[in-house]
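Next come two complexes, and both contain chain A; in the first it sits with chain B, in the second with chain C.
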Partner chain A sequence: MSPRSASEPGPAARLLANLRVIGALGRRSVAQTFRRPQLMAPILIFPTILLAIQTAGAGRAVDLPQFPEVNGFLDFMLAGAMIQATLLAGNSGGIALAVDLEIGFADRLFAAPVSRYSIILGRLAGTAALGALTAVWFIVIGLAFGATIEQGVPGVVMMILFVSLSAIAFGGIGAAVALRSGSASVVQGLFPIVFVILFLSNAFFPANLLLEPAKTIAEYNPLTFIVDGVREPVVGSLTPASFAEALGSIALVGAISLGLSALALRRRVRLGG
Partner chain B sequence: MWRHLRRALKSSALQSGRVTAIEARALEREFEGGIRAVDGVDLRVAKGEIYAFLGPNGAGKTTTVRMLTTLLRPTGGEAAVAGHDVVADAGEVRRSIGVALQEAALDPLMTGRELIRLQATLHALPAAEGRARSDELLRRVGLSEAADRRIGTYSGGMRRRLDLASALVHEPEVLFLDEPTTGLDPVSRKAIWEEVVKLNREGTTVFLTTQYLEEADQLADRVGIISAGRLVAEGTPAALKAEVGLPRLEITLAEGSPTDCAHVLSRFGEQLPAKDGALVVELPQGAAGIAPVVRALDEAGVLVESLDLHEPSLDDVFVEQTGRHLEGAEQPAAGGAEPVAPPAAGEPEAAPRT
Partner chain C sequence: MSPAADIATIRALVRRAANEILRVPGAAIPGVLAPTIFFLGLSAVFGNLIELRGFDVDSYLSWLIPISLLQGAGFTGAATGVNLARDIEQGWFDRLLVSPAPRPVLLAGLVLSASLRSLIPAAVLLTVGFALGAHWPGLLGLAIAVLLVMGMGTLAACWSVTVALRFKSQSAAPLMQAVMLVAILTTTAYAPLELLTGWLQEVARYNPITQVVDAIRQGFVGEGVTLAGTWPGVVALAALVAALAALALRGMRRTAY
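Let's look at the complex of A and B:
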């Protein structure tokens, strides 16, 4: 072996190289989640158990006055379970990134000739893939237990799309906290906040039936619009307006979280961890 | 002997050739709170050289490596690696270097093969080339059979070898090894050393940090000694050791007159004050000079109980420059700055270089 001299690749080659890195790191992220049960549990097992308990125990909520028109409580709850899993997947992704920083694995990545943003995007690509997986999982569970997806295959595609994009947007928050703190336990501390945000939205209960101030908070919570975007294909009411609201909310959360991640990354590079 | 000569010739050729692989001028890094981890380091490492950065924990070795590998921005001074500025051309630097960081930062959930293939992707090797290169490197470091096992099941030595292999995937011009053998058993350490020497013979410039004297002594063409963020001495191991004094032979007599013995010893070198009842003489030839001394003492009828040869070490160089021992650096040397090997009469004490 003799050293080869380095030469700078062109823009197209650089873009391709960065896309390959994002793909490779995304695959690593998914494999890592499957190989570490403590990362898998919050993404699939907890939301599934919560879905089962809530559906079995609070099924008669659909009889409440002003409850949205749905075929059953399971149909209503599916979107909440998916978004819960997505938020937790984002949190788990943040924890895994923080672990990479703690053990020094991130330095191996940062010492490579690729954009450091690609390295973060690689982690988020894995979170998006896990989001899509959770969407498929809950769709299968829902269909197996009697839910119907009123808007059929296009509705399923919409749900998977929204959940995957949400995973990137919410994963950005975990990534930002991981990059800023470099500590897995700090990112883990977001776990209760995830539930506060969920309960202050329409994920588990219609916003119009919540008490004040939760009702007002839920009505302005971007998560409410995202949950609507995932729920409406199930109940058959997805309109271009609610599609745009869901996508806009995802874009808003994503812009903030990815912006914060970029700032945290720049700070980390400047200060050296 | 031949090893030293070969290294001296190589070092001289490299320095006269002036092809620089790593260069730093007044390099500084100050952390929040005013902690100055690296304080004006000047470095010049020639292409094809093995340069060891020797110092105790907290001396600034890793911070220097992190700046040279673009993982940390300097707060002062400048540095270039493989001809590229570490700040302005960080991407080019990263394309030219291989890095194996302290404590082999590996993902225990990945397999060895996955790690090297990921590294190949990070360095933009085409997929087929990356696969072939991974297989070749795993074979080279003796990990072919363990390649599909999770890294979490590897021993410390296996992790280090894997780390080294992953740093080589793109055939870097300059290889940075941050304490590559810390915590390894002697066999694993030797395996890493052999691989480093082999890589260097193949043309790779190696910059390694270490807190092990033997490692720097065995491997390096030149050694830089760092203490409290400053380069306090630099040179070939032989030259550095020569600066602090010559080898000393301590002789304890079984029978015979100390005066007769001293008379004989005066033919071989400068006599030093007796130590714990033993006569002490400087022996410029080191171990090679022992046999003639023994023969001369025998001919003079002096019976020797024991002979101890004390050769200056890099630790002596460190003590000379800093007043502290390199290993167990928290404890100052007795008297604050006890020179282990006193300089020869008339020879000036070496002054700190920075």
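Let's look at the complex of A and C:
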């Protein structure tokens, strides 16, 4: 091992530099989303419209005998809207990354003397910030229209935490596809798949009231556990078991998606595109 | 230009839109896939709503299929506006404008292609729906559904063309899609009027698209197709198409100057 030269930065300085890169790219990612209606609409506008319409359109569902005890259908739907927005934020982040690859901006970043992983983490940090923003947005909307968060402020903090972590985990899938394909339209093609995953979970309706085969699939879908983690602070109390299941599911999805992103990044750098 | 030349121009524009489907099949997939996924997903999610007192239907698939048909037409019509915005951004539309083709002919070409393209998601949805057990609406019911779906495609195209001509950017795509989504879902999409709650019940009562939904739905869940169940939907859709076509044409006429 050769001795480190005096001009070479130490581990602490490198970490600091990488954190600066992650922060700067995260801010850029958020600003970019706010500037482009195509990226913003799926994250906030469409989930808000769907929340409003589904709450009023299927609100009588709470009268079904097997429906869980809730203060109102809006209370039940909030978690679904947040997770829907989070998944779409992950997809939008992937589209933005693919656009960066298409226009050559990402190549310039890859050529810079910073860790390439921090470039991807920067994009995911932006997605996490957008996830937190959507959580706050839907909490405010929910409270304004009569929802009650049973677990109060700690519940709100827990919801924002779960949604932000989910944004990183699901954002990793968008990033992996963007890095592997380098095409925004391919990442855009994930949009319908997002809804397949949502419909096959308890995001919009209790799992016990879904029709087969959605009912059985929802019981094993990691998203169901994540939705429970976000929903329980609203409708009741988050149990340690639900907390662990939600966190474990996020960790599972995150490990797979970030692993795939790392592999796709290494391949891209090795093959040069 | 002579009527024959007008028809030739319209045919050329329709053929250009069709070429896009043949040459870039992937471009048509979201317009087909999204309403199909929504149809299957929403019926699995909200299927148990028919257990509610007052929801006198024995198949939620049959209840939902008219909404999905209209959604498919709405997405397809909105795509016409997105494609027009792309053509404006790339300068291709300017070349159309300097041609001797009258503006109404150009508009007719665009909306007719949308109207025909809306049959693609409709065919997929009906095939999937019937395969899964949606009720057969009878030939007349099916004909009414097809007619109204094409009308919805025309309406969505008129709206999206108006927006594309106003903003001249593909960035306006969410506006084109969101308005169609809201128009279709703020009807009796999920449940009968009596079972809707709050603001949606009032909005659905006065939303003209509710009449269109009811006209399509009568074949799938009702006692059968009747004139009384059909004409309000046809009139409502015709009036909306006339109003939005006038707006789109106004946009077309202003674009050149």
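Keep in mind that, in the parts below, the second predicted complex is superposed on the first by the 266 of 273 C-alpha atoms of A that agree within 3 Å, B and C clash if a C-alpha of one lies under 4 Å from a C-alpha of the other, contacts with A are read in each partner's own complex, and residues count from 1 in each chain.
Please note the rule applied: a contact is a pair of C-beta atoms (placed from the backbone, for glycine too) under 8 Å apart; a residue touches a chain by one contact, two chains touch by 3 or more.
Note that the coordinates shown come from a computational prediction; the quantities given were computed from them, not determined experimentally.
K.L.:
Go through the superposed model and pick first if A:V136 touches only chain B, second if only chain C, both, or neither.
P.N.:
A:V136 sits against neither chain B nor chain C.
K.L.:
Which of the two partners, first being chain B and second being chain C, lies in contact with A:L247: first, second, both, or neither?
P.N.:
In the superposition, A:L247 touches no partner, neither chain B nor chain C.
K.L.:
One more residue to check, A:F191. First (chain B), second (chain C), both or neither?
P.N.:
The second partner, chain C, only.
K.L.:
So, does A:R36 touch the first partner chain B, the second partner chain C, both, or neither?
P.N.:
both
K.L.:
Just to be sure I read the superposition right, which of the two partners does A:F199 touch: chain B = first, chain C = second, or both, or neither?
P.N.:
second
K.L.:
What is the contact status of A:L260 with respect to chain B (first) and chain C (second): first, second, both, or neither?
P.N.:
neither
K.L.:
Report for A:V156: first if it touches chain B alone, second if chain C alone, otherwise both or neither.
P.N.:
In the superposition, A:V156 contacts neither chain B nor chain C.
K.L.:
Can you list the residues of chain A that touch chain B in one structure and chain C in the other?
P.N.:
After superposing on chain A, chain A residues 36 contact both chain B and chain C.
K.L.:
Can you tell me which positions in chain B touch chain A when the two form their complex?
P.N.:
29, 31-32, 66, 69-73, 82, 91-92, 94-97, 99, 101-103, 105-107, 109-110, 114, 117-119, 121-124, 150, 166, 168, 170-174, 199, 202-204
K.L.:
Touching chain A in the complex: which residues of chain C?
P.N.:
Residues 26, 29-30, 33-34, 37-38, 40-49, 51-53, 170-175, 177-178, 181-182, 185-186, 189-191, 195-201.
K.L.:
Which positions of chain A touch chain B when the two form their complex?
P.N.:
Residue positions touching the partner: 1-9, 13, 17, 20-21, 24-25, 28, 31-32, 35-36, 100, 103-105, 107-114, 269-273.
K.L.:
So in the complex, the part of chain A that touches chain C is made up of which residues?
P.N.:
Residue positions touching the partner: 36-38, 40-42, 45-46, 49-50, 53-61, 63-64, 73, 185, 188-189, 191-192, 195-196, 198-200, 204-205, 209-211, 213-214.
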